[in-house]
Amino acid sequence: MIAAIVAYAFRWSIIPSAIGELGHGVKVTLILSGISTVLSLALGLVVALCRMSGLRLLRYGAYVYIQVFRALSLYIYVLWIYFGIAAGIGVNFSPLTAGVIALTVLNSAYMAEIYRSALDAVDPGQREAALSLGFGRRHRFFTIVFPQGFRVAFPSLVNQLVDIVKDSSIIAIIGTTDLMGVTNQLVSYYRAPFELYTLVGFFYLTIVLVISGAAALVERRLNRHVH
Amino acid sequence: MPLAYQINWTPVLDHKHAFLVGAWINVWITLISFFLACVLGIAIALLRNSGLRLLSWPAFAYVQLVRGVPLLVFLYWVYFGVAIVSGVAFTSSQAAIIALTVTGSAYTAEIFRAAITSVDRGHVEAATALGFTRRASFRHVVLPQAFRIALPPLGNILIGLLKGSTLISIIGVADMLYVAQQINLDYFTPFEPFTAVAVILIVLVAIFSLILTGIERFLRLP
Amino acid sequence: MSIDAGPTGASTPATYGSPAVGNEIVRGERLNKWFHRGRAHELHVLEDVDVSVSRGEVLVVIGPSGSGKSTLLRCLNFLAPPDTGTVTFLGETLSAERLPRLSIQARLDYERRLRHFRTQMGMVFQHFHLFPHMTVLDNVAAAPVRVLRMSKPEARERAAAELGRVGMSGKTKAYPSQLSGGQKQRVAIARALAMKPQLMLFDEVTSALDPELIGGILDEMRKLAESGMTMIVVTHEMGFAREVGDRLVFMDEGRIVEQGHAREVLAAPENPRTQAFLRAIL
């Protein structure tokens, strides 16, 4: 095996031309991930609030929602939406739309769990203090509890964002415009799978490292005065 | 919304045996990968904790690298890339196991590292005082406790690998998703097979979770 | 106008110059509270407690831990709604007894009246509970802005005034994490006072402080009492109880065991349990 590796004619020279194309793919991936993250942050918050609500129906509904979607894999869900639901309701989703829907719904379940444990972690004394001052439920949540809970949740939410970026690569199976999809096209064109997949691996790695680094800076600023 | 599409479960039900066989493939590939990922993870965790920069830094880099790359990329990289370069023709299953193992090992390595570091130093000192060698005290004192600490997060990784295993049909493994796709191609019924696979996956995850909770409870220190 | 305690306690007839009912600010009647009600480890924390405070009066509540003192405070402002009984405050009566069975409309009405209660009652906690993500000034101004719907500049002015009153003018832009315990408690007091309440509740507010800081807080409380504020103070500081307290209540195991004029009870307690407690801590 080692002999074969040594003898193989690596074609690293294609990389410069490939990078341009991959750049377009990066843009699509980032937009796809960004939109899905924002939507799932919002949807996840709604689900988390249902999970903690006083109405039993909402509580159980949210619980089931979370368990079901945390058990699914994105790939299955994407296929289900792109082929199954599309046929079922007679709509033709574009691959990106199906991707956004799948990523949003699936990750909202994880976000909901993250929110829930973060909000639980906020000191109960804060609630008492707010109540004793006469804060109503909505003000109590948005002014006192949520700002603190968000700081606790932030690292986990960033992890989720990283997962979304990585999982978005699954769109390549049904479409060709994201980073992975572009790579597959280039592979069939240049017939250099090793070089190209190695390259795209580093692309994803870079994106992840940049996001993590930026998040660390934001986290430090968020927690400047809070400990 | 009126369904122009008629839901027809017959093709799925006719092939339920095929689905179960496919699901079984997902399960055993997951289990093998998990086991290998744990072994590899322990090794990497030991390197990280070794204190020697020469050993710990590559281990750190490995973890960061693997965690930054999607599973799909690994699948393609192993099955197409490495295969062509090294001349070794991996079967789909082999490539799948390799990719899942590598991905899983980055996470298990972190889990073991944290678990090992969190075992009380006092226990190790007591063992040394009693005459245990370093290797023996690790094997008999640290490792068992580290396992107990690591178990819950490892359970999550196992379930994560189960979900990851749903990708293996992409490189040609005949798992349950492959069966679903075949049915869709043969019978033009896109909705039912994928729903069936989704349901099977949810049930599998639920079963795994129950077993894991049971194990955790069984191993709880008195 | 104190009402008698339960059957086990010695009942002290109201001899201290009790004003007429019209001067009574708050009254709790037949208050009962259970934790884990209906379960095996059920705890009867408050047992048939009746309490009343007149305008301008300082009521001190003492007793061993677990006697229900903090729970009593929390029942009065419904942080821990009493399972039975009513609280009458400024003429309005509120009860949590039928809460689970109220319609949505009735519930909203209950909560509205409750919020009104709470805006007129201020509470200071043992562990301060300042909002860590806000500056000192914003901590004090937050409730006036959100609850009283004051404009921000107006609220900040009021906050600055209250902070000045407790000696914290220099720290308005600081964050709670940068303050000492005593400073945090001063801010907490200012925060409660900013709502201009008619009744202040103090829950062991010096118990979490370093000894050298306790005196400062007790001074602030004394100033407040001298300015005519009605206060209910749960504390272990007997010196404060003797000098600033008007009436004193001794609680044990969820019941009021003895009550009366603060100096009298502390000097010559009638009930043996009170005697034992005071002997142990004085």
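Here the chain labels run A, B and C in written order, and each chain numbers its own residues starting at 1.
The rule is simple: a contact is a pair of C-beta atoms (placed from the backbone, for glycine too) under 8 Å apart; a residue touches a chain by one contact, two chains touch by 3 or more.
Nothing here was measured: the structure is a model prediction, and the numbers come from that model.
> Hey, how far apart are chain A and chain B in touch steps, shortest way?
The fewest steps needed to get from chain A to chain B is 1.
> Report the most central chain, judged by the distance from each chain's C-alpha mean to the global C-alpha mean.
Per-chain C-alpha centroids compared to the overall one single out A.
> Find the chain most remote from chain A, comparing centres computed as mean CA coordinates.
C
> Chain A to chain B: how many Å between their CA centres?
20
> For chain A and chain C, let me know how many angstrom lie between their CA-based centres, rounded off.
47
> On a C-alpha centroid basis, what's the spacing between chain B and chain C, in Å?
Chain B and chain C have C-alpha centres separated by 56 Å.
> Taking each residue of chain C in turn, which ones touch at least two of the other chains?
Touching at least two other chains: none.
> Write out the stretch or stretches of chain B touching chain A in their complex.
Touching chain A from chain B are residues 1, 3-5, 7, 64-65, 67-74, 76-77, 80-82, 84-88, 159, 163-164, 166-167, 170, 177, 180-181, 184, 190-192, 194-195, 197-198, 201-202, 205-206.
> Please output the residues of chain C touching chain A within their complex, sorted ascending.
It is residues 74, 77, 79, 111, 115-116, 118-119, 121-123, 125, 127, 129-133, 142-143, 146-147, 175-178, 191-192, 195, 201 of chain C that touch chain A.
> For chain A, which residues count as touching chain B in their complex?
My answer: residues 1, 4-5, 8, 10, 67-68, 70-73, 75-77, 79-80, 83-90, 166-167, 169-170, 172-173, 180, 184, 187, 193-198, 200-201, 204-209.
> Which residues of chain A touch chain C in the complex?
Residues of chain A touching chain C: 123, 125-126, 128-129, 131-137, 139, 143-144, 147-148, 151, 225-227.
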